[in-house]
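Next up, some structures in structure tokens.
Below are two complexes that have chain A in common, paired first with chain B and then with chain C.
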Partner chain A sequence: MEKFKIKIAEEFSTKPGGRQIKYGPFSGEAFYKELLEKRFDDAIKTNEKLYIYLDGTGSYGSSFLDESFGQLAREKGRDLVINNIVFVTETFDWIVDYIKKEVWGEK
Partner chain B sequence: MGRKIISVLIPLIILLSILWLGRLIYLKEWFYKCSVDDKVVPLDVVNLIVTSICTFFIAWFISKKITSSRYKVDFLIEDLKNVNIELIRLQEKVIELNNIELHVVLSSLNRIRSNYSRFEKTLELAKIRCSESKAFNPHYTRLYNITTGVKSNKLELDDANRIIVENSISSLIELIRQIIFKINDK
Partner chain C sequence: MIEKIVKLPDYFLFTKPHLDLFISVLRKIYTTKSNEIILDFSGILDMNESDLMILFAQIEKTGYDKKVIFKKRPTLPKARKPNNILSNKIGVFHNSTTNFNSESVEKYADINTEIVDKIVLELKRIGIKDYYSAFYTFLIELIGNATEHGIENRQINWWLINKIDNKTKQINYVFVDMGSGIIGSHKKVGLPFKYYFTSATKILTDAFKGKLRSSTKIDNRGKGLPQLFGFIKNDVVSNFTITTNTVTMHFENDLLVTSKNKNFIGTYYSWSINNDNYIKWKNSKLK
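Presenting the complex of A and B:
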């Protein structure tokens, strides 16, 4: 049972934007502040994993991913984030690879 | 150029060899003593039938192999051509416009990725080896970083970054063409 999850297309936007709030809507910074950080903290407090549903959006820009998932790793610790976030997708496998390799620096 | 020379030289060498062989046989004394036996021997008839069947079977088998291999190559090239077309479309936008909506860039990159993934899966199914295909990911990641690493919802293009984006697209186009040539030779 997935107790903690974020369905980005339903809860945030089907067209995620750029990096910062001041430059436009649905930015990575907005996603981090409005949803990701709080939901991740709640999951960690109860020893649960956070499930991120990526499908349903157009796609994700590299700055959006860095400002949200990259920022989460910088703030909460890379290993904690890697071990407690589960991506669910049928169409964005390469985005998951990108986040793990390029944003989190996993080998 | 080399191929043209070979395609002229080989038939010429074959023709000269046949003429030389004919001339050689013609000069031999036994050639005039040769005669054709008009009696039908059952063993020869069986031999002729078996040889004909074998010849037809081998010809059918080889042509089937060649056709099936060509089908695979055609499918692979089709996907790569679609990647090439999408890259050229993106390059045209980069040359003509001063800014491109991020979702337009992402949808273009999605189509490129989706066509290339299909190519990779078909390559695996067809059991064809192509070492160049592995170079796609680093090139694609570089293009993805350059075109979507934006502060706002638009990719702003000025003289400085336009050339960087153009170069990145061009290097990916060159790689795709290199893979097409390699696959076409299979």
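Presenting the complex of A and C:
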């Protein structure tokens, strides 16, 4: 049972944007502040994992991913984030690879 | 009022061997001290819609710097192609908060994801029925880079034009921002010491290969251009060319090929997409 999850296309936007709020709508910064940080904290408090559903959007840019998932790792600790975020996708395996390798620096 | 007439060259094309002359015209418009400029289109023998778009972008940038562009009813060229281009509306996507008025220009705010989505969906017109998500990312990277680095503190933004070639079932794109240019942005904030005596060409190629830190100087930045480079290497788009500051670069046989040009203060990208690009992406390991 997934107690904590975010379906990005349903809860945030089908068209994610750039890095910061000042550069346009649906930015990585907005996603982090509006949804990701709080939902992650709630999951961690109850020893649960946070499931992120990526499908249903146009796609994601590196700036969006860095300002959301990268920021989460910088704020909460890389290992805590890596061990407690689960990505769910049928179409964005390449985005998951990018987050793990380029944003979180996993080998 | 002192007016200056700027005569556009016979071949007003942002490609070699005409590129330096084109850039000279842009510089002339930008640096003139006159507060009225009259553009003389009458002698043009060849130009494309994208060349007109770059001219518009330069005019906007010049206007932002408090100079006045005075446009008399233009004398149209006799040659049919440039005459048609200058007479007709063209489809230019433009992101700007300035008040540059033209029937041929659409204006939006910053990184406009609705427009990015619209541009991706237009690929259906050349037979790409599925959503090309890699192209969405490609456009977000390009626009994000332009907005974050090139034009951050100015009310000038990005311009994009696309044109379908029905014969080849291909869409050709030109994107331009009139910021400082990639090399200019890096120089403005200060390059690492080892780049002090490095050529502009090396600075640009290293930025694309991820060897150069972001011009924001923040450790986790500088990943947009390397991601673009990954897409180019994997044929997400074809015929990719960039001109920024004194360097033009394209990708050929797995190599970055560079050449020098006069200083273009801004960044120009062109590329094309056809169904083969999408098929390759669909079948690639990257996906």
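Everything below uses one rule, namely that the second predicted complex is superposed on the first by the 107 of 107 C-alpha atoms of A that agree within 3 Å, B and C clash if a C-alpha of one lies under 4 Å from a C-alpha of the other, contacts with A are read in each partner's own complex, and residues count from 1 in each chain.
Keep this in mind: a residue touches a chain if its C-beta (ideal position, glycine included) is under 8 Å from a C-beta of that chain, and two chains touch if they have at least 3 such contacts.
The structure presented is a predicted model; accordingly, all values stated were derived computationally and were not measured.
Contact with both chain B and chain C is seen for A:Gly17 once the two complexes are overlaid on the shared chain.
In the superposition on chain A, contact of A:Arg74 is made with chain C only, not with chain B.
Touch criterion met: A:Gly58 reaches chain B and chain C at once.
Set against each other, chain B and chain C differ in how many residues of chain A they touch, and the higher count belongs to C. After overlaying the two complexes on the shared chain, residue contacts for A:Phe4 are found with neither chain B nor chain C.
Legend: residue contacts after superposition of the two complexes on their common chain; A:Pro25 is shown touching both chain B and chain C. In the three-chain superposition model, chain A touches both chain B and chain C at residues 15, 17-20, 23-26, 58-64, 66, 94, 98, 102.
Remark: chain B residues 102-103, 105-107, 109-110, 113, 117, 141, 144-145, 148-154 touch chain A in the complex.
Within the complex, the chain A residues that touch chain C are 13, 15-20, 22-27, 58-64, 66, 70, 74, 91-94, 98, 102.
By the touch criterion given at the top, residues 109-114, 116-117, 120, 131, 133-134, 136-137, 140-141, 143-144, 147-148, 220-221, 223-224, 227, 286-287 of chain C touch chain A in their complex. If you check the complex, the residues on chain A that touch chain B are 15, 17-20, 23-26, 58-64, 66, 94, 98, 102.
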